[in-house]
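One chain, chain A, appears in both complexes that follow, with chain B as partner in the first and chain C in the second.
What follows is the complex of A and B.
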C-alpha cells in the first residue's frame, strides 16, 4: 500500500464538512436572480411596456382629439371666412385653404364650389379656381368647374375656367365651351381661348 | 430521476432540477473547494458561483462525463483561480529539471496512520505542494490533468508532487515520532 491508496481507501473521511444552511438560502436567491430572472424580468418588462404603451395610446388619443378639435375649429373659421361679407376676408380664406389644407375636405370643397358659382368678385373666384385645382381628380370639383363655365359671365374668370378645364382635358366642358364660342356677347379673347381649349380637349 | 434526466432538466433551466443537483453535490463541492482554498467563507462563495456557472453552461456537458465530475472540475478551477489571485504568480514551470532529479519516498508502516494525521500534516505543507497533493491524492486527478488545471508542464507537476509528498511523509513521520516520545515521556 502507498499513501495515495490509503487516502483513497479512507476517502469518505476527507469529506466531513457540510456547507452551511445560510449558504443554501443564499444559493437559492442567487439561482433565482441569475438564471431565473429572465422570465420574471420579461414579465416586468412586458408590464412596463404595456404601461408605456397605455401612456402612448392615451397621449396619442389626447393629441388626436386636440389636433382634431384644432382642425375642426380651423375649418369652422375658414368656412365662416369664405362666406364673409368682406372680399378681403374671403380672398384670405381661399389662400388659407390653399396653404394650410393638404387633404380634401368635402365640406370646404362644397363651400368653395359655391363661392366659385356665387361670389361676385373675380379675384376671389380666380383664387378659388386655383385652390380647387389642388385636387384635379375630385369629381365634384370637375363638375363644379364645368357648371361655373356654363354660368360665368366675367371674362377673366371665364378665361381662367377655360384654361383650367383645358389642362384637365375635361371632355364634358365641350358643351359650355361651344355655348361660349357661339354666344355673340362673348368677348373675342374669351372666344379665342375657348376655341383653343376646345381643340386641345378634342385632341 | 436518473442523472441523464437531471441533466436534461437542467438544460431546460428547470429550477427544481437545479436544486436537486445542488443538494446532491453541494457538500462534495464544498469539501473540494475547502481543501484548496482553506477558508470556509471563500469555499462557500466558490461553490455557489460554480453551481451557477455549471447550470449556465450545462448545455456544454458531454455525454461521457458524469455531472459530479463536471461540477467538480468547475469548482476546482474556481478554487485554483482564487489561490492564484491570493498569491499571484504561484505555480511556475521548472526549468532544466528532469523527472529523475526528485526521488519519491513512501510510507512503509501504516499501522499508526490516521486520516486526521494526514490532513493535519498536509495542511502544514507549503501551499504549492499542498494543492498538488490534494488534487492527486484526494481528488484523484492524474499528473496530466493537474498540469492542465495549473497550466504547468506534466514534468513540473510530477517533481512538485514528489517534493510535496516527501515533505508530507517527513512531516507525518516527525509528528508520529513526537507523539510516541510524548507518550513515552508521559509514561
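What follows is the complex of A and C.
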C-alpha cells in the first residue's frame, strides 16, 4: 500500500483529527523560541542591567553621601579642635587639614587664617602657615599672611612668615617688613631675615 | 669602729636633713605648670600629686651679692634709675657719667643674721629657690625675678630638680612668657617689652613624663627622655635632643628650630610617621621612604616606621636632623 492509498483509506480520520491543546502550547513555545528569542532575552537582559545599574547608583550615591558626610563631620570636628585648650589637639587638627584635605576649601582657609592670627603657640602657627602655603595663589591666604606679619610677636613665627612671603614674592609685604626692620625691639635674627626678604621681594 | 659608724651615720643623716630642707612641695595635680624662666631645670615626671622643687646649687652666701651693671643700649630705659635686687643703685642712663660701670661688694652680712629679706621675690630664698612661685586660675607659675625689658645673660650654677605629676600639663618658656596683650600684638609699636635674650649653657631636661608638653626656648638646649607626648617644641638657636629608654612616642611630636639640630633616638617598635625638613637628614633606621625632595640647601623626607600611627613633624630650618636607632 502506498501513501496515497493509505490517505484515501483514512481520509475521514484525517479530517476529524484535532491537534491536542498540549501540542498547541508546545507549538506556541517553539514558535516563540524561533521568532522572538533575541528581542525577548535582550529586554530581560536590559532590565536586569538597569536594575543592577540603579542599585549601583543608589549604593554609590549612598556611599558618596556617607563619605561626604563623614568628611563634613570630620571637618566640623577638626574646626572645633582648632580652639581646644590642648596645644597637642590643636596641632593634630592643623596637621590633619594639611595632610588629608587636598581640595581648596574656603571655610577651612578662613578658620586656618584665624588660627594663624589668634593662636598663642608658635608650633600651631607655623604648622598653620605650612597648611596655608599649599594654595599659594589664593588671595585670601596671601592677605592673611601679610596681616599676620604685621602683628606677629613670636620671633620663630616672624621668621617663618618672612620666608614664606619672600618665596611668594609678595610685594605687599614690604610695609610690614619695613616696620620689623625699623623696630628696635625686633630680634636680630628676625631683622636679618627681614632684610634679606626685602631685597628678594624688591628684585 | 662603732663610734665612727655612728658618726658617719649621723653626718649622713644631717646631710640628708639639709637636702630635705632645700625642698619645696606644692600640691598640684591638675592644670598647667607654667615655667617662665631661663634657669636650669631638670624636670622628671612621676605618679604623684605634688610639684616638688629642690635646688641643686649651693645657697647664695652672704658675701656673694655683688652687682655689676653697664648701660645697655639695646633697651632704652631698661636700667634707668634701676635699683638692684640688693638695694644698690647701679647706673642711671640719664646721668652724664653713665659710661661708668659700678661694681659693688656688700659686706654687711652680720647685720642680716637672723633676718629675712622681705618681699615676694624672696619668699623661698631660704630654700635656695630664686624665682617666684605663683598659683592662679589652675596654673602654677614659676617666674624669674626679672623686670620687664631687661637684657639677661644667664650663666650661673643655679640649677633645680623638679618632680611633677604625670597628670598635669607642662608649658615651659625659657625666654619668659608674654603677657596676654603682647600675645595678641596689642602693644603699640615701641612700647612692647618683649626683648629679652636669655642664655643658659647647661641643657635643661625633661624626663619620664606622660603629660602634654609645650616648650619654647631661645639659645638654650633642651633634652627630653622618655616623654610620650604630645610634645611641641620651638627654639631659636637651641638644639633639641630626644631619647627613649623604657618608653616610646605615643602621641604627636612637633619640633621647630631655625638653626639648631634635632636629634631623636627612636625605638624600633614605635609606630611613627615622620615629616622631616632640614639642611640634611641622617639616619640608620630602616624607614619606608614615602617622599623625598632634595635641594642644595635643604632636604625633605616623609618616612614611615611600622604602621606610622604617631605623627612626628620636624623642621630644623638650617640645622640638621638625626634619627637614630634605639
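Here is the rule we go by: the second predicted complex is superposed on the first by the 167 of 203 C-alpha atoms of A that agree within 3 Å, B and C clash if a C-alpha of one lies under 4 Å from a C-alpha of the other, contacts with A are read in each partner's own complex, and residues count from 1 in each chain.
Methods note: a residue touches a chain if its C-beta (ideal position, glycine included) is under 8 Å from a C-beta of that chain, and two chains touch if they have at least 3 such contacts.
Only a predicted model underlies this, so the values are computations on that prediction, with no experimental measurement involved.
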(request) Tell me which partner A:88 touches in the superposition: chain B (first), chain C (second), both or neither. (result) second
(message) Applying the document's contact rule, which stretches of chain C touch chain A when the two form their complex?
(response) 75-76, 169, 178, 182-185, 189-190, 192, 194-195, 212, 214, 216, 218, 229-237, 251-252, 254, 256, 258, 311, 313, 315, 317
(request) Quick one: which bits of chain A touch chain B in the complex? Just the residue numbers, please. (result) 1-4, 6-8, 10-11, 13-20, 23-24, 26-28, 30-32, 34-36
(message) Quick check: in the complex, which residue numbers of chain A touch chain C?
(response) 86-89, 91-92, 95, 118, 120-124, 126-127, 151-156, 159, 179, 183-185, 187, 189
(request) Going by the contact rule at the top, pick out the chain B residues touching chain A in the complex. (result) 13, 15, 18-19, 22, 26-31, 34-35, 40, 44, 47-48, 51-52, 55-56, 106-107, 110, 113, 115, 118-119, 136-138, 140, 165, 168-169
